[in-house]
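Next up: the structures, one after another.
In what follows, chain A forms one complex with chain B and a second complex with chain C.
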Partner chain A sequence: MDDIYLVTVVSNIGMISFIALSAYLLLVVGEISFGQQAFFAVSAYGSGIATAMWGWPIWLGLLWGALLAGAAALVVAIPTVRLRGLYFSVATLAFAEMVRLIFEIFTYQVEIDGELVGPDGSDGFRDIRAIYDSNVSAFEYMLIIYGLLAVVLIGFLILERSRLGAIFRMIGEDPMLTEMQGLNVTVYKILAVVMAGVVAGIGGALYAHLATYVEPKIFNVMLGVHALAYGLIGGLGTAFGPLIGVAIDIGLLESIRAISGYRMIVFGGLVALLLIVRPRGLLDEAAVHWLRGRWRELRRATH
Partner chain B sequence: MLRIEGLSRSFGGVAALEALDLAVADGEVVGLIGPNGSGKTTLFNVITGVHAADSGRIVLRDRDITRSTPAGIVRLGIARTFQNLRIYQRMSVRENVWVAQHSLPGVGLLSGSSAAERARRAEVDRLLEAVGLADRREVLAGSLPLPDQRRLELARALVRSPALLLLDEPAGGMTPTETAEMAALIRDFAVPGRTCIVIEHKLDLISETCGRLCVLNFGRKIADGAPGEVLQQADVLEAYLGGDAPDA
Partner chain C sequence: MRIVTTALALAAMLAAGGGALAGERVAADVSCTATAERLTYDCTIMLEGRKSGAPVEGAEVVVKADMPSMPLAHNVRPVKAAPGSMPGHYSATLELEMVGEWALTLDVSGPTRDRVVRKLRFGGTAEDTGHEHGEMKDHGGDMDHGAMEMEKSH
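Let's turn to the complex of A and B:
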């Protein structure tokens, strides 16, 4: 019993990490999105439809969901990336609410073995049973989640050392100066929004298949706000930052019985406190720079 | 190299540049002086596409760049520094120079370890060496003192080997000793082999580096010629120096 609980919590940390990384990528390019839950939702529905209704294998359903989320992000990105600051934030929030409301009325069902399967508006989408039908245990599924998370995280770490990653950070710090390094800021911002959409999408597809049931209200703005907060708590200097944020919230706060029921208050207070003392999170750029310096020294000393 | 014809730009009814004509020949180093608000930085902003021109033309090597984007103008070979220093504070000194290579032709979005990438990294190191920042290449740029940040900006502007270099108060906020060092750096390292326009209030830096001097006042050019002659003109003394004779 306890093991199942633990596996569920750890799986949740993994899935939420994807949407945290997604919001983090946009924070790096200097934009606050209140709408990453929309891409999580698009992929949850899209992958669920692919596996439960069209009979696709899970891996293909995941890929399809992530690509669908990326496509949705592209649709959002083209008109909104020229907006800055608050305007971008409001636009992403409006888009996400629009997506949620569309799922409230979206009905698409087919009869499979005498039962209606598929999204049914606000009643949600039941029986996304692909992992149970193929006898994947909860533990094995947790390993799949973390395998994919590792792949995405390695991608982020490669990105951090690359010119593309530097361009994202440059845009986040000074878009005009970045334009004056001969770079088309709009194009790179669209790329960042699409990449963030795909990353959120992977999480959404994984979520739908673990929960077997999704409904529109899961994807409300609080999911997006949490995703943002993880990066702001954990830090914007490295992709490990948002993961630390997730671990603090779900791993630590949710597991301390003494504060159960007050979790959101503690969480909100923590965000407020950190925004004052460490505006770019625990692992901010200066902290990461310092750590890398120590790491280099250590390696030099041991060689 | 650069030809500016009838260039005007105003902000909310106030003319920052008014029918300005300026031609800069290949290899020429032109000093640009004038009182605060005379349009010097606006001229740089319009040349580099930060602000659009209201009217007039900017031609770089027979190519009209008046309507080009800032990124496009940089790729055509113009680089600049900023009066209000603009560096990436949250990046290291080395990264601040490295970033100017991202848009060079043939540079990929990943940074591998190919021979070409190693050569580009060596180029960054060479520039840092030249401006005297080699020993602090791994320091966060935001933690450098102001004169070093100005040197860093200069190194970054030189990464793409620009044909035209625009320096906006390269010695702003510097002591006389630091100004002299900057003047030597500009004269011996930045300027040779390229065309340059230098905005500066410090006349000793101008006389050290520039062969020609233009004076702007209320967005108009009021003098243009050899520094020694221009600084004797009555209207220049009146506009720029309040009537006093220059000490440079």
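Let's turn to the complex of A and C:
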């Protein structure tokens, strides 16, 4: 049982890392989104429908879910990226709640082998069994999750060293100054929102196929707030920041069994404390810069 | 020929103790009652074949609990259910982290392999849990930590 438990916890850390990275990307461009759970949800349902109801192969289902989440993000981005600060946050929260409420009434079922399969409003969507039926073990699926997470993380690290990454950070620092450089801030922000949607979508599709069951309640604001908090705890200086945030919440706090029942309270306190003492998280830009400097010195010393 | 095939199928069923057919989807009925220990519940799981209606005997049942409204937040240790006194009955003790609605994932393996998800509301008083979806099952007068069954369908 302990093995199943450990694999579940590690898989959860991996899956939630996608939505944490998604919220982190938007924090980098200076936007606070309370609605990344919507893209997680769209992909969970979309990929589930594709594999469980239309019989698509799992890889195509994952791709479809991620693209669907990207498309949903584009729909949100076009009217909202011109909004600043709190207005963008409120708009994303409203969109996410709208998505959740749509899934509360969304019913689309087909009969497969004498069983009704598909979303059934608030009763949820059961039997997303593409992974379960193909006898992929929990451990193997965990490796798939981490393989995809590694690909996304490498993508983030490349992005951060690229011109696009520099533009994203510049927008986050000062959008008006970026505009004065002749860059179209709106277009870059739309691109960031869509990329963040796709990343959250990968997590959503993976989640639906591991759990085999999703329901609208899963995608409530709590998931979005956590996603946001992970970046704020772990730090906004590097893509490893939100992963540290996830590891602290699910890994560290979970391992301290004495506080397991009060984890949410401890987590809330931790967020509040860090916002006061380290507003841009543990691995903020200054910390990353310092670490890079030490790393360069170390390399120079060894040569 | 058909008579022989039917007889063979019946013989196979009898040899298997009249249990659910291999590969058949499983229907589960779960009811939980609170124990004297806080947030600990004794659950009875009844498994039967969805088509045959025959009890699923000799299965290994692993119960995992998740809270839909707090996804990925509660990592409750999965528990292995023990066979009960009646055919197709299993029992498991769940240690949850808080009251509210939980989704129990039952992983069944052995004579048939299946996964069934059941939603149950744990805790609260008889007044505030509502009765429209199921029957309140409680004991020991500790109504604050009671559990109720929410659904009985597949």
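To be clear about the criterion, the second predicted complex is superposed on the first by the 303 of 303 C-alpha atoms of A that agree within 3 Å, B and C clash if a C-alpha of one lies under 4 Å from a C-alpha of the other, contacts with A are read in each partner's own complex, and residues count from 1 in each chain.
Going forward, a contact is a pair of C-beta atoms (placed from the backbone, for glycine too) under 8 Å apart; a residue touches a chain by one contact, two chains touch by 3 or more.
Small disclaimer: the values here were computed from a predicted structure and weren't measured.
K.L.:
Between chain B and chain C, positioned on chain A by superposition, is the outcome a clash or a fit?
P.N.:
With chain A as the common anchor, chain B and chain C both fit in the superposed model.
K.L.:
When the shared chain A is used to line up the two structures, what angle, as a multiple of 10 degrees, is there at the CA centre of chain A toward chain B and chain C?
P.N.:
For this superposed arrangement the angle is about 170 degrees.
K.L.:
Determine, under the contact definition given at the top, whether A:26 touches first (chain B), second (chain C), both, or neither.
P.N.:
Neither chain B nor chain C is touched by A:26.
K.L.:
Just to be sure I read the superposition right, which of the two partners does A:283 touch: chain B = first, chain C = second, or both, or neither?
P.N.:
After superposition on chain A, A:283 lies in contact with neither partner.
K.L.:
According to the contact criterion defined above, which of chain B and chain C contacts more residues of chain A?
P.N.:
Counted on chain A, the partner with more touching residues turns out to be C.
K.L.:
Give one of first, second, both or neither to describe whether A:129 is in contact with chain B, with chain C, with both, or with none.
P.N.:
In the superposition, A:129 touches chain C alone.
K.L.:
After lining up the shared chain so the two structures overlap, which partner does A:15 touch, if you call chain B first and chain C second: first, second, both or neither?
P.N.:
second
K.L.:
Minimum C-alpha distance between chain B and chain C after superposition, to be given in whole Å.
P.N.:
The answer is 33 Å, the least C-alpha separation in the overlay.
K.L.:
List the residues on chain A that touch chain B in their complex, please.
P.N.:
Within the complex, chain A touches chain B at residues 158, 161-164, 166-167, 169-170, 173-174, 176-177, 179-185, 285-286, 289, 293, 296.
K.L.:
Which chain B residues qualify as touching chain A in the complex?
P.N.:
Against chain A, chain B makes touches at 48, 50, 69-71, 74-75, 80, 86, 88-92, 95, 98-104, 107-111, 138, 140, 160.
K.L.:
Spell out the residues on chain C that touch chain A in their complex, using ranges where they run on.
P.N.:
Answer in residue numbers: 25, 39, 50-51, 62, 64, 66, 68-73, 75, 77-80, 97-98, 101, 103, 105, 115, 117, 119, 154.
K.L.:
Help me check something: in the complex, which residues belonging to chain A touch chain C?
P.N.:
Touch list, chain A to chain C: 1-2, 4-5, 8-9, 12, 15-16, 113-115, 124, 126, 129, 132, 207, 211-213, 215, 217-220, 222-223, 226, 250, 254, 260-261, 263-264.
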